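If you scroll down you'll find the structure; I have some questions about it.
Chain IDs A, B, C and D follow the sequence of writing; residue 1 opens each chain.
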Amino acid sequence: MNKNRLEAFSDGVLAIIITIMVLELKIPAGDDWQSLQLLTPKLISYVISFIYIGIYWNNHHHLLHTVKHVTGGILWANTHLLFWLSLVPFVTAWAGEHHFTELPVAAYSFILLMAAIAYFILSKTIVSVHGKESVLSSAIGKDFKGIISVIAYALAVMFAFFVREISLFLILAIAVLWLVPDKRIENKLKDKE
Amino acid sequence: MNKNRLEAFSDGVLAIIITIMVLELKIPAGDDWQSLQLLTPKLISYVISFIYIGIYWNNHHHLLHTVKHVTGGILWANTHLLFWLSLVPFVTAWAGEHHFTELPVAAYSFILLMAAIAYFILSKTIVSVHGKESVLSSAIGKDFKGIISVIAYALAVMFAFFVREISLFLILAIAVLWLVPDKRIENKLKDKE
Amino acid sequence: MNKNRLEAFSDGVLAIIITIMVLELKIPAGDDWQSLQLLTPKLISYVISFIYIGIYWNNHHHLLHTVKHVTGGILWANTHLLFWLSLVPFVTAWAGEHHFTELPVAAYSFILLMAAIAYFILSKTIVSVHGKESVLSSAIGKDFKGIISVIAYALAVMFAFFVREISLFLILAIAVLWLVPDKRIENKLKDKE
Amino acid sequence: MNKNRLEAFSDGVLAIIITIMVLELKIPAGDDWQSLQLLTPKLISYVISFIYIGIYWNNHHHLLHTVKHVTGGILWANTHLLFWLSLVPFVTAWAGEHHFTELPVAAYSFILLMAAIAYFILSKTIVSVHGKESVLSSAIGKDFKGIISVIAYALAVMFAFFVREISLFLILAIAVLWLVPDKRIENKLKDKE
């Protein structure tokens, strides 16, 4: 089966997700500073989500790079990841609209949690198809970053109902953690060449 | 003629269909559990449609894999399929908005019926171009799954006006039937290699 | 310069145009037949526009197939075509919303006219880059279909203010004319092989 | 790492940006000339933004053409550029809606300024990865056009609050400057062949 279409479809979906979020930035009613200021929380959630989709695209790019055989399992693990990411524009708009109140922040964290789990499942599916001895498997190793992210998002969901600041801090901290490019796969690939 | 652009265009359209459905998930007015709960029927129809577009992309991927020559007939049979699938976001939103009442469920089933017929026409067109002796032809055989789907969706349209639960059950049952990857083409291709 | 990205960008824009038109099909307020019936003119304009974008994609596919060198002139002639096609969802929704009254029908015809002229310019630009002796040049010949389309759309713009039925007939007639695949290029390419 | 996916993702995002702007062209309430006339400022801002995204796609196409190695730095410099361009539909609609009043024009200029800076950073990142001796480096030279654009947009932001006509003139003048295709890279590439 062909890896190109899997990449093309994922690129398409991620490109659309990252772009249609701007449609939720409704045009201010007025043309003064105050009207623009009312948009601030929405702009903040837009920036965070843009970075997150950028991170997912970047890591997806790395992950798929190692794939040699595309199976039905990989296709559906990938579609499962895209499903959770497709809900990012919805929770982004909701959290921005209500100035990061409890439930919207919990929902935002929950979608990130499910996306992180889906990414984890996708990478495990790819490893299981390509064997424990493959480049990807040795490169990812114990996948500390993936596990830390899942735990942090789970905590963010819970803290949203008590101390929202901790949830928002966790979301930002994990974004920074992932913004650092994943040297593991890059290095292992270089070693092989 | 070039198969790549046919795949790229179809991937693009399917990626957009699967992603813009989220724009119909209007942000809840409030930020409490009750506001979120009101969204439940819309979320359910979103999930079902996401799975269906995922299935169509997956099967389209398999089907096109066997294509060697792209003719005008194949191009238009493909555009015809995309037309019916392009209406999925519309019926998804309508069925979700009105909590799966009679006519919206019938309309949803009708679009799935027409898409299934269009898929059937596309696969027949491809077979007729490539000859009865081709891989695809022998792989698909009598195409029981395609015929069962068409019959089930036709029944779902009718039952929508009497016992909607049967329509919804049929829609879900056919989704499960297709979620199982189409081993026929995969196996036949493997045999040839 | 690379032809692939020109095709990929055009495919992307055409795929989005053909798909976002469905967002203008606002969900009916009710869930009964009458609510659905009110949608009829919008559905008709949706179908016509879907066919037209399908025709443009199909012909664009053929036209670009013959391109060997991509110049700045070709890039901008292509972007010019995409500009007019990008307005199709707008005039589609406007014509459907107002039940094909005078000005919306004239606007719809005008956009088709400008797109036809842009397509004509694009094909002339490609011919001038590749030389009069190229495959494309001999294949297109005097381009009767292109010229007839431009004249028909110009007439459709004018008749919209007097006898709209003639405008609508012209729009449909030219669609049928183009739905017949362009055998000229296909045949010439076959001869060369 | 693979350049194709970087191009595919950028093409996707740019194709979506250029196309969804039409969704902000709300259908006129009436079907007469007056209703259409009310749309004039929105149509003007639509045309300007369409040309700008076309220019960015065109130049991005040229710039990426010279890239041989894709690093994490290039990926993120590219995502940074896409971020600012993704806000173009928002400022386009806002400036059109309010008939090019002070703050919307300043915001429009500001987004163009940030996009120009992001483009500058991207080209510098590519040069630093490929070395001062590379084709791109010698082709771009001191990059007068890039620097002039940044200065002009910065002036446009400031003048928006005093003499908006100057801002609008600067925005149009820089568009014309870039519409002339970038012969520098084309020529240098030709020399090397």
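Remarks
Keep in mind that, in the parts below, a residue touches a chain if its C-beta (ideal position, glycine included) is under 8 Å from a C-beta of that chain, and two chains touch if they have at least 3 such contacts.
Not measured: the values here are computed from a predicted model.
Because chain B and chain C share one sequence, their contact can be compared position by position; here under half of the interface residue numbers appear on both sides. When every chain is reduced to the mean of its CA atoms, the largest separation from chain B belongs to D. After Cα superposition, the angle needed to carry chain A onto chain D is 90 degrees, rounded to a multiple of 5. With centres taken as mean Cα positions, chain B sits 26 Å from chain A.
If you average the CA atoms of chain B and of chain D, the two centres end up 37 Å from each other.
With touch defined as above, residues shared between interfaces to two or more other chains in chain D number as follows: 8, 12, 15-16, 20, 23.
Per the touch definition, chain A reaches chain B in the complex via residues 1-2, 5, 8-9, 12-13, 15-17, 20, 23-24, 72, 75-76, 79, 82-83, 86-87, 89-90, 93-94, 97-98, 101-104, 107. Those residues of chain C that touch chain B in the complex are listed here as 7-8, 11-12, 14-16, 18-23, 25, 27-28, 31-33, 36, 47, 50, 54, 57-58, 61-62, 65, 179, 181, 186.
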